[in-house]
Amino acid sequence: MRGTFSTFGKFLFASAVAAGLGLATPALAQEETIKVGVLHSLSGTMAISETTLKDTMLFLIEEQNKKGGLLGKKLEAVVVDPASDWPLFAEKARELIAVDKVSAVFGCWTSVSRKSVLPVFEELNSVLFYPVQYEGEESQRNVFYTGAAPNQQAIPAVDYLMNEEGVERWVLAGTDYVYPQTTNKILQAYLESKGVAKEDIMINYTPFGHSDWQTIVTDIKNFGSAGKKTAVVSTINGDANVPFYKELGNQGIKAEDIPVVAFSVGEEELAGLDTAPLVGHLTAWNYFQSVDTPENTAFIDAWRAFTKNDKRVTNDPMEAHVIGFNMWVKAVEKAGTTDPDAVIDSIIGVSVPNLTGDLSSMMPNHHITKPVLIGEIQADGQMETVWETSGLVVGDEWSDYLPDSKDLIADWRAPLSCGNFNVATGKCGGKGIN
Amino acid sequence: MSKSGTILYLDGVSVAFDGFRAINKLSLVLDRGEMRAIIGPNGAGKTTMMDIVTGKTRPDEGEVFFDGQVDLTRHDEAEIAMMGIGRKFQKPTVFDSHTVEDNLVLSLNGPRSIFPALFHRRSAEEARRIDDILGVTRLGDKRGALAANLSHGQKQWLEIGMLLAQDPKLLLVDEPVAGMTDAETEETARLLKDINQTHSIIVVEHDMHFVRELGVKVTCLHEGAVLSEGTLDFVSSDERVMEVYLGR
Amino acid sequence: MILPALRCPPLILSLSKGHKSAVFAFLSFFLSLLVVFTSPASADEAALRAIIAKFAAAQNFKATEAVVQELAATSDPAVERPLAALAEGDLYFRKSDSAVFIGKEAGQAIKLADPLTSAEAGEEPKAAVTKIKVNNALRRSIRDALGGLTLGSPDANARIAAADTMFKTPVAANVEALDAAIAKETIGSVKLKLEQARASSVLVSDLPEDEKLAAIDVIAGIGSRDALSLLTGYETGAEGALKDAASAAVASMNSTLALWASAQNVWYGLSLGSVLLLAAIGLAITFGVMGVINMAHGEMVMLGAYTTFIVQNIIRTSFPGLFDWSLAIALPLAFLVSGAVGLAIERGIIRFLYGRPLETLLATWGVSLILQQAVRSIFGPTNREVGNPSWMSGAFDIGELSVTWNRLWILAFSLAVFFLLLFVMKRTSWGLQMRAVTANRRMASSMGIRTPWVDALTFALGSGIAGIAGVALSQIDNVSPNLGQGYIIDSFMVVVFGGVGNLWGTLVGAFSLGVLNKFLEPYAGAVLGKILVLVLIILFIQKRPRGLFALKGRAVEA
Amino acid sequence: MISGKFFAAGSDRRIFVAIVLLVAAAIVVPVLNVAVPAGSAFHVPPYMVALVGKYLCYALLALSLDLVWGYCGILSLGHGAFFALGGYAMGMYLMRQIGSRGVYGNPDLPDFMVFLNWKELPWFWYGFDQFWFAALMVMLVPGLLALVFGWFAFRSRVTGVYLSIITQAMTYALLLAFFRNDMGFGGNNGLTDFKDILGFNVQANATRSALFAASAIALALGVFVTWLIVSSKFGKLLIAVRNAESRTRFLGWRAENVKLFAFTVSAVMAGIAGALYVPQVGIINPGEFDPGNSIEVVVWTAVGGRGTIVGPIIGALLVNAGKSWFTGALPELWLFALGGLFVAVTLFLPKGIVGLWDQWRDARAQRQVSVAAEAGTDIDPTPPKIGRAQSGAPTGEWAKPSGGPEPQPAE
């Protein structure tokens, strides 16, 4: 009887203890360092996009250490793998903050992963830098959004098509999840405000990883044969893009006839594709690898040296991490501490050079200023900028084109310190019914 | 033929699998209280006939009646078993990961729905019956052994014990003595005759020694139909039967 | 503006209907010949150079467009070279002196050539030159301009291409040029195209109403999407009898096109079915015949796709001429690679698990995780580029049915694999042994069949076929470590739906699910369509618990 | 009567031990977390509470699978669906509790509905502002789905591979459906940003400890109920159905009803596990329906040892602890480790950890018997009921395609 008891007691506790011990071990460092958490999926469906960002963070931290570290200490990256599993993101975030005691976390790609870790950052009061373009409609005290809000990507792209290409008829094609849904809602409202008729907008959603695009591409072709210039605004995500573009190419849809502008297709995605049939299709980002500035050239060279791969591409979310990391470094130096509260206060207004030759600044709404570039896909898989905003665009967290969010603003400076301040009622907290 | 007075009544039954006729216009009648031995070469349709009677296989055509009035083709296995038809399989089929005792507990007749089973407690009457059956089948010392660990012969006995526990009106017994010693075979014959005092039985067996021991009417099946019927001596002297068994 | 083109001497041009890039490549090539061997009766070369030099000063696309128009207006055939180069993004100007050149990248430098004569003009580092930017709108203008210039080409295909371009972008001024071309035309099919192009131009001209009515008839007779597009656009602005005629034509074309659309749907369904068949057919062996619940099946497909990638990579770097053969070379290699991995899995793991099929599920799931991560470690997590050979690119039309070459080849290929497999299973002694082992292992082994080897080779065959499928699927899908995951569930659905252990069931299952999916998609949308198919499979299994082509009889029921 | 049987008979010590340990954990861990100061060696950090609380929910899920797979031979590849449905029911309650504290301050509509421009609450969200209603739905929705699905499937005698594949199809269809934003469950993002549960802040330490305790108690109850079921006559019937389904029919049992009951009870347990899981991880989204997740549950159960009640719990705890450790310490390698574990367990531990332990104990008992036999005494090695009940691998219908079993090294 005793034997049974102790053995099974051990089993039950062993798992708990194993977890505790295991997670505590990485803390054995020789000298005192400042730890930086890297929370990107290295396996599962999102690894395809996120792995590069992990490498970027390692690169940035190494570069910073070469410059002497931060506050006289070396930086140390703590890499974990949330494995494209959303609850695991929350668990790993908690582990990074509570167990590894990191000073800041750089991570997440999908909106759902960010949503999943939000409560953790709020509860444990740490900071997250989120580098990917997203649907907006959020501003949280502990999160800094270094990717594009819809007004920094989608709306300028539509403007370009309307003005430069004379597009009158629109296909909004997206993967069925929140970012495309919200972006398309915003675009629809925007297009209608510009006088586009309802029947000139076609909205289509497909599941994640959709691979058979024959019907939809034909639908697009048919929709485009109504005698008006037609364009496709694509919020198709991830893996579904390659078969989509292959089908476009094979069905002979040329950019001159029906251009496709995409918000989720960057240099990394195009690397898996023969782009010759796609020349002229468009993407809208805040950075292209082809951007011809000294900062960018230096960055690409250093990055290739770091990865020991002279063909390694760069992309927009990488630049977002570069900006975010430099902002954090500057804010920590300004505050003289890595304490999150101090950093959250000091980072607002911090400006750092971005790779497109301007200075990006952190705004009080925790979004940053960025230029918007429209690029055409080239035969070598690069984008060529065909249009860019004359100045920098401030990320608009609450879209002006959604009825419930147009009165909201975010301003994290004292005394307002509110992520959803309603300018109509003058109260913090959305509609402010209470 | 009249159905009344019969325990089992098959008329013109046919069934085909992918074009192969396993049973071909088979007619067979068993009176109440009768024991019948069925012989026939492999593929004669013996097991398929049992499948039809117990509801496992639906006949393509023909009538199958139990107890003179119940149309068995309209019922499934569980209903047919509840009406009182028990079956022992050719390959002894017992619950391997249960003890001998538990095998019998599951077979005892009684309510067959979920909740009684969930809250079932063994009554003194049931305990007595289990003891009886263990005695009859000589498995008393194996009561707590896993059925998987029984010898082939013991499994045969256990399955017969399960039949007894089920207490059906009609027993279908498929090759009960395969793998038994001579002494056990004789014992089985005696037991079946004993059971026949109160139950109707159909026995399928190849062992002619055993069939002779039973001393009952014999039906020989061939290619899904009755080839010959009568006493064992009559059947075994039938030329067609000899041809089937020896000729080809 | 394209009208003056007619007065140009005939150009020696060969235009293929395919890629634009090819068109331009040919253009440049023949033009270079032209420049050398003919003396163009052209505007003054110096004048041309003066216009071309304006490119350097053009600050935006509108300015560049103006220069393009100016060049086109000279109607000098010599302008085609710089225009083609511009469309290709190969026109540069030197920062130091604003001289315009055609440039080709060569490492860190740009090789320059004269825009008119293509004479070599040295090299400049990238930083010293500026590319003259081009966008879709510009490319469209250039395409229209070049289209007009090729109307008089001696090559029939070039004339057809020109007529097609003019058809899509009607300009009133074209009518005259087209009339002249029609008068000269001797080939019937080309003449037809020219007349159609004329009709579209007539609509936008100020010719009398009866001519326009005739034009509407001509366009309605074409019946294509482009024609419909043209008439629909015209209809909105038309008035009176013309509007009625256009509306009637649009209505009748729409109903014809609807018929074509359902035919198109059937084709898409078959094509989707062929993909499902390819994905599932290896599983029909490992799962259907052997009873191994092979969750690593998708990874075998993935290995096949990666083999294709490696083969193409080697060909690209070492034997570029063989690129069109890359798939043919990859096929046997993919079969061997996946087959070998399958063999190793069978020998190392699965042979210990026969009779415990549920355990094979767990073990092969583990194997699939390992294979995925291994590929991720070796090739990286991102998509790898696998190109389409030229014979698999593009599409052709049967009536209004658009058939892409890659889908057609995949359909043919899937059927070929299927019948080859059927032959192996039914007609060869190996197939006989395989079936014998499946039916009764003990009996087979006592008859002298070496069952372990038959098992191993059967599993390797199933895996190898999955690898072959990977070669085909690399043509339409991502080549990434997640490739296999996308197909595994669908594959199991197909095999189970068709009936385990029956190859014909897999064939029928794949095609019926494909067609069903494609017919649901237009009504329910892609997501809901897929859900409905799954629900239908679940309900179907209730009706036929052992699939479409179930084996019957006693032996089946364990 | 029931409890009398449980404590008097002492029929399986390890069940008793497991329940005692779980109840003890439910009391001790929250105390060590809340009452012991953070510096103390006995302090359990909140991080561990949340983590182990999550594992306990997984353990309950694995236990529910064990009831159908281990005891009844139904390999469900869709158990994650029941878990997720329970989680969604709880998530809907938590969403309604946010009230006007959402970012848009809309008192009725959850945020995701506001920014997708929904004007009113869909009908299926009614009632979820009441905890009792949500709690009822947590059990009712998965239970009902299992009942309907099982009624169709078992009545039509869909068994073996076919059943496994259609359960997979079921969870896959639900995955796709819940991804759709039009469904009204938040699409890919799911439900998140929870504030209160029963008026307590979900992020507070005490609430988290309470949820941990609730999970431990729920698991203890799950163990107890499962034990009651499998040790009753019905439990014997379950195993009989696993061994030879058609034989039970010829004895007059309705095998389909037996399976249906077990499947439904199991789905309800999975639903409860999901409901406890959601407030602890703070999010529920369609990812939980992923067929891969359900397969992982099967793996936990197999690692611990199916048909053993405590086995799946041990498996779930160990595998998840391993996953937590590997994804932190060796992120590049953890899929190799996980994959390798599956292969190793199936090859070398076909009966799981608990099965291995039983084997070892039986072997020891066997030695004692032979020693005793030589000494002339008679010791009856009563086989442990639950552990050994497993010994025949649940082949049944499965074994058909490949014929007789081949050599199995681990046996």
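For clarity, chains are labelled A, B, C and D in written order, and residue numbers in each chain start from 1.
Rule of thumb we're sticking to: a residue touches a chain if its C-beta (ideal position, glycine included) is under 8 Å from a C-beta of that chain, and two chains touch if they have at least 3 such contacts.
Remember, predicted model here, so these are calculated numbers, not experimental data.
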{"item": "Remotest chain, chain D as reference, centres from CA atoms", "value": "C"}
{"item": "Pair sharing more residue contacts (C-beta pairs) when A-D is set against B-D", "value": "A-D"}
{"item": "Interchain centroid distance [CA atoms averaged], chain A/chain D, Å", "value": "35"}
{"item": "Gap in Å, rounded to a whole number, between the CA centres of chain C and chain B", "value": "66"}
{"item": "Distance between the centres, which are taken as Cα means, of chain D and chain B, whole angstrom", "value": "42"}
{"item": "Length of the line joining the C-alpha centres of chain C and chain D, rounded to whole Å", "value": "47"}
{"item": "Multi-chain contact residues (two or more partners), chain B", "value": "56"}
{"item": "Per-residue multi-chain contacts in chain A, two or more chains", "value": "42-43, 176, 205, 207"}
{"item": "Shared interface positions of chain D, touching two or more other chains", "value": "176, 179-180, 246, 332, 335"}
{"item": "Residues of chain D touching chain A in the complex", "value": "13-14, 17-18, 21-22, 25, 45-48, 50-52, 54-55, 100-107, 111-112, 114-117, 176, 179-181, 186-190, 192-194, 202-203, 281-283, 285, 287-288, 310, 313-314, 317-318, 320-322, 324-325, 327-329, 331-332, 334-335, 353, 357"}
{"item": "List of chain D residues in touch with chain B within their complex", "value": "229, 232-234, 236-237, 239-240, 242-244, 246-255, 257-258, 261, 380, 382-383, 388-392"}
{"item": "Of chain B, residues touching chain D in the complex", "value": "54, 56, 76-78, 81-82, 86-87, 89, 93-98, 102, 105-107, 109, 112-114, 117-120, 144, 146, 148, 162, 166"}
{"item": "For the chain A and chain D complex, residues of the former touching the latter", "value": "1, 4-5, 7-9, 11-12, 14-16, 18-20, 22-23, 25-26, 42-43, 79-83, 85-88, 90-92, 94-95, 98-99, 110-112, 115-116, 118-120, 122-123, 137-138, 176-178, 181-182, 185, 205, 207-208, 402-405, 408, 419-420, 422, 429-434"}
{"item": "Chain C residues touching chain D - in the complex, by the definition given at the top", "value": "287, 289-293, 295, 349, 351-363, 365-370, 372-374, 377, 437-438, 440-442, 485, 489, 492-493, 496, 500-501, 527-528, 530-531, 534-535, 537-539, 541-543, 545-547, 556-558"}
